[in-house]
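Got some structures for you, see below.
Same chain, two partners: subunit A is paired with subunit B first, then with subunit C.
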Partner chain A sequence: MAFASLQFVIFLLAVCAVYFITPIKARWAVLLVASYAFYLLSSPNTLIFMVVTTVATFLAGRAMGKIQDRYQKRIDEAKEKKDRETQKKLKSESKAATKRIVVGILLLNFGILATLKYFWYYLETILTNAGIEVPFDAGILIPLGISFYTFQSAAYILDIYRNKIRPDKNLAKLALFFSFFPIIIQGPISRYDQLAHQLYEGHTFDYQRIAFGAQLMIWGMFKKLVVADRIGALVDTVFDNPGQYEGFTVIIAVICYTIQIYADFSGGIDIARGAAQTLGITLEDNFKRPYFSDSVSEFWRRWHITLGNWCKDYIFFTVSLSPTFGKLGKKSRKYLGDRVGKLMPVIIAQILVFTTIGVWHGAELKYIAYGWYQAVIIISGMLLEPYLKKLAELLRINTKSFGWKVFAIIRTFIIIVIGRFFSRALSFNAAIGMFISSFTWNPEVITSGAIFELGISRWDALILAVSLVIWFIISVFQERGVEIREAMAEKNVVVRWAFYLLAIAAVVIFGAYGSGYDGAEFIYREF
Partner chain B sequence: MREEILEILRDVRSDIDYENEKAMIDDGLLESLDIVAIVGEFNDAFDVNISVDDLLPENFNSVDAMAELITKLQEG
Partner chain C sequence: MDKNRNRTDERENRAKKRRKRFFKGVTFTVLTFLMAAYLITVFSFPSGMEGDYVKERYNCFYSQEENTIDGVYIGASGVDRFWVAPQAYKDTGITVFAMSSSSMPLVTFKYMIEEVRKTQDPKVIILDIRSAHKTPEDVDEAYVRRVTDNMKLSKTRQECVDASLEYLRKADNEIDEDDPSWYFGFLKYHSRWKGDMQLKDFIDLDPKTDYMGYSAHLTHLIFNTAKISYPPINEDRTPIDPDTEDVLRDLCEYINTLDCNVVFVESPNCHSYETLSKRNYAEDIVRSYGIDVISCKDAEYAEMGLDFETDLYNEGHTNIVGAIKYTRWLANELIERYDLPDRRGDDKYKAWESAYDSYVEQTEEGKAELEKRIAEVKGQ
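Up next is the complex of A and B:
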């Protein structure tokens, strides 16, 4: 089902109506039925894969819980006897026993993900390259939201292993946590301890909350339909015909793509968060005005936050604090010096994190290059930090000044824009070719108006410019801590409703609904 | 131990008011790189093994919480 569409709004209204008339205790069941219905309406052939992951993860969690309980009893007995040695031994035995289950279930779930998302893709590519006609479309086999629910299930299992949460005793409730319809298309990747209890407890009807949720959805649709889908036309023209364009055309296209992906993805997240909010459920935010970041590492703390946090908790810390890499760091201090040696485990962890982020987007070389490009910049920043500090002192640059901050934001934005060549171009080679061709000096494409013949007319450009200025102003307010919706709620009823109606009208009138338009086609749905 | 912890923390990041700060993780003052550096220093200085399982916000939100974690680990 299309997410940014009237059907979805009607679906959500129906779910809300049933939800709020059902007895509080049974309200979670309404969400489960709605989520499975949404899945069946969107991706009916692949439901089985989500069911397998859900049931297997549930059983693994329960088995781990039983082992932990059994050992805990014996640990408590040893504690009473003040027998520290036995306590320690039992703790490590319990860890070892649960670890086997963790490895098994992660292999199964990530194995399904790898097979469906990557293996078929490779097979299809190899067969096509060998000149063999492929009788199937590998894309059809990729279940809706597989990356999202697989990452959520891994976090669930690892949190049980780390004693952060207790395993769920109710299969149907856990099935809801993995399938909750607002998050299945493109996240946010939610954690069990943050989301599950909100889904299970019934929420009462609250007009203000529903109004806030609806406003967030309208804002998301504005980003998606007015900005992303309009600007995407030029991006597609230029990127789908590599080698045909150069200079300013390519530069404008890659900047447009940088805006498009943010509008598309954050718009989708706003719709998801808004939809959940109408039901009384608060989802984590996935974006915090990432293009205001003054360094690449800050960008990754503000962009796709829930994926970044997932990587931080389950890859970065696991690797950088593991005894094996700790030892490696100590050994490498001998050869690389104290500072670099100490950074070694962190550097390895960063490489793994950004490889994961690259592969998350797809199995192709261009995505891995996209991840590594970010890693190289962040690691270079870490290694060069003391030298850059000295250089700034030497040149008497005040790195706390407003001017420097603006410079750092623009510098970071340019770095991010260059990275976008890899994530959008048709292939790694096309990305490199387009990047090189962007250095051609051809300002006449702008002065002659040729740029307006690539999918964005002058009229479109005007709508985009106004939309982006509005978005920018709102972002500056948010950056200063202003809660826009709360501030609006304090205005009188006429101003408020005039504003809401204008916003809805803007989405309906200025949304880019070309022929063959499909509101479900979020870029991140593919990941 | 408190003083030693403070010294290590100030070495890693000098711009945080460690004495009064009670939500260093929850408020996002300490970044992941700082945490790795701090854990490495704690492990060496206090002869403990802080593992990834101990990386809960409540163990690192304040100096007292860190001292408590280290004491707990030293006692086994």
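Up next is the complex of A and C:
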């Protein structure tokens, strides 16, 4: 069931209706039933994998909790005796005991993810290349949201290991945390300590909150249906036929893809957050106007924020602050100098983070290349920072000026756009080929109107232009700290309602869905 | 005391706020539904020339008072270019509505009969047999949508869509039979905003023509004349497409369950020899079910006084002069065979009087011009 669909709206309305008439203590159960119903409607054949991950994670968490409780008792006794040595020893033993469970459950859950998302793909590729007919479609078995709930379950287990949270004693409630329907398709990747209590405690009916949630959903549908799905036609035409286009056509297509992926992803997140908000649940925002970033590092603090935070908390800090990599850093100083040696753990951590981000997107080489491209940019920035600073001073560039800020934003945008070749092209080779072909000088494709033969008409271009201007203006206000929904709520009711109704009308009329209408088909030719 | 009063005031304020919010919520929801209803009506099957005026014809039918139509003539353009309903009423008092759409597929006829009988009790149903020679490959998405997207939402419409899609699936075509817009047209027509909308689409939500189904608005066609060859004498039979034959047989079986008269008609045309042979075959099938067929051949052309050299604008369709001749002839046939009543002078049929007035206003001048040109051609 797609988010930006009438079916989802009807589904959500039904869930809200049942939720708010159910006694408050049982409302979490309504969400659980709704989430599993959503999963069965969307991906019934693969529900079993989510159930396995849920049950295994629950049992692992409970086992870890019992070990921690046992050791904690003894640690408390040692504390009373002021026996620091024993306390340290017991803490170490507790960590070691729970670590075995952590490793086991992570291997299991990521093993399922790796097998379903990656192994079958590679097997299909090898067999196809060897000329052997493949009797299965690798894509069929990929469970809905497997990356999201696997990463969520990993965070849950690691947070228990770090004594940040206590394990959940209720399997059904934990099942809800992993399967909550607004986040299962596109995230955001939520943390147990932030989301669980919201899911479990029932929420009262609040008109303003529901109105805000609905408004956010409409905004998300606007981005998805009016912008992303419309611009996608041009992107598909060019990227699905890599050898046929070059120069400005390719440049326009990759810029359009950069817009499309943002509109699609952030639109989906807005719909998810809006849907959750109607039920009284606040989800983390996953995007903070990433194309306003003035560096690639900042971009990754504004883009897919929850994935970035997950990688930061569970990969980056784990690696960069670990004693092993600390020793490596010290050794590296001998050969690479103080500065670089000190950065070595961070550099390795970045490589691991962006390899994860690349692999998160998919199994193909192009996604890994996408991740490494980002890593190279960020690491280069880190290594060259002092030199670039000196250069700026030499050239008397005021890096705090507005002009520099604009330059930095455009520069970052171009870097990000180049990276998009890898994530959208059909393959790594196609990405390289398209990047090289984009250097062909052919501005006539713009002036001749050939662009309008690539899947979007002049009308589509007009609507896209207007939509992007509206989106840009709203983003500027948001960047300045203006809360748009709250600001609208202050306006006169007639103005407000006219705006909301126009927004709904714009989505349903201008949304790029349905079979499309061509007047020429309907003119009766057989006079 | 003050504390209690404050608490009561607070409770009352909260209750007031809740009532206000409830009222606001309901009002906004109602406004949203009204807007949705308006948009669904506006962004629907096109009206005017683009939609071949089918929407206007259907709306005209639906606006008729119940049980004021004694006959309905169902079919493709072999109906609405030929049957001048207001003229038939003026001449004989019979009320026979031309319920047609261009290239109306045979598979939709059964459902059109059902649809018509919901609000009317026709004494005779006339069916255009000219669609019987076609195959599933010949049927376009637009041909089906002209029928289904202009029918009112009902089980009949849904069944018509289902049957049409089943028929279309037998052909190797590019039509997406799983497209949900077959059932909910807005999914298709919302993209008419790309240059296909006019101001009238937003204002006139119930466009109608007033000619009881006759295509009097097609002035660029009905006032023209072309020299067409006289159709060959053809008694041959060529089998029709097996899927279409199944549809025809199913239609005949359905007709035999009805408690009204039904007759198949082939209106004058000079289509290909093979097409005419196929129609002969189809007529035999219809007769085998005991259903009447009126096939226009030489004798009939002579009776109606139809001149192929002046009374048609192409090999398949009469101009207004030819249509009037055909109408007068068929009207007499229908009265003789089925004893259709004369409704002139009955107040209940005022709409037919005004339809005639509109028809005359629309066609008087053009008809006179055409008659002049025909006279000149004949004079030569």
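Keep in mind that, in the parts below, the second predicted complex is superposed on the first by the 514 of 527 C-alpha atoms of A that agree within 3 Å, B and C clash if a C-alpha of one lies under 4 Å from a C-alpha of the other, contacts with A are read in each partner's own complex, and residues count from 1 in each chain.
Here, a contact is a pair of C-beta atoms (placed from the backbone, for glycine too) under 8 Å apart; a residue touches a chain by one contact, two chains touch by 3 or more.
Quick caveat, the model's predicted, so the values are computed rather than measured.
J.: A:188 in the overlay: touching subunit B, subunit C, both, or neither? Say first, second, both or neither.
T.: neither
J.: Applying the touch criterion given at the start, work out whether A:220 contacts subunit B, subunit C, both or neither, answering first, second, both or neither.
T.: neither
J.: Going by the contact rule set out at the top, does A:460 touch subunit B (first), subunit C (second), both, or neither?
T.: Second partner only.
J.: Which of the two partners, first being subunit B and second being subunit C, lies in contact with A:312: first, second, both, or neither?
T.: A:312 sits against subunit B, while subunit C stays out of touch.
J.: By the touch definition at the top of the document, which applies to A:167: first (subunit B), second (subunit C), both, or neither?
T.: So A:167 meets neither subunit B nor subunit C here.
J.: Can A:280 be said to touch subunit B (first), subunit C (second), both, or neither?
T.: So A:280 meets neither subunit B nor subunit C here.
J.: Where does A:345 make contact in the superposed view: on subunit B (first), on subunit C (second), on both, or on neither?
T.: In the superposition, A:345 touches subunit B alone.
J.: In the overlay, answer first, second, both or neither for which of subunit B and subunit C A:497 touches.
T.: second
J.: Could you list which residues of subunit A make contact with subunit B in one structure and with subunit C in the other?
T.: On subunit A, the subunit B and subunit C contacts do not overlap at all.
J.: Okay, in this complex, where on subunit A does subunit C touch?
T.: Touch list, subunit A to subunit C: 207-208, 211, 457, 459-460, 493, 497, 500-501, 504-505, 508-511, 513-517, 519, 521-524, 526-527.
J.: With touch defined as at the start, can you tell me which subunit B residues reach subunit A in the complex?
T.: For subunit B paired with subunit A, touching residues are 31-33, 35-37, 39-40, 43, 49-53, 55-56, 75-76.
J.: Can you tell me which positions in subunit A touch subunit B when the two form their complex?
T.: Against subunit B, the touching part of subunit A is residues 84, 87-88, 162-164, 297, 301, 312-313, 316-318, 320-323, 326, 329, 342, 345-346, 349, 382.
J.: Spell out the part of subunit C that touches subunit A in their complex, as residue ranges.
T.: Residues in contact with subunit A: 21-22, 24-25, 28, 31-32, 35-36, 39, 43, 46, 49-52, 77, 102-103, 140-142, 145-146, 176, 179, 181, 186-196, 221, 313-314, 316-317.
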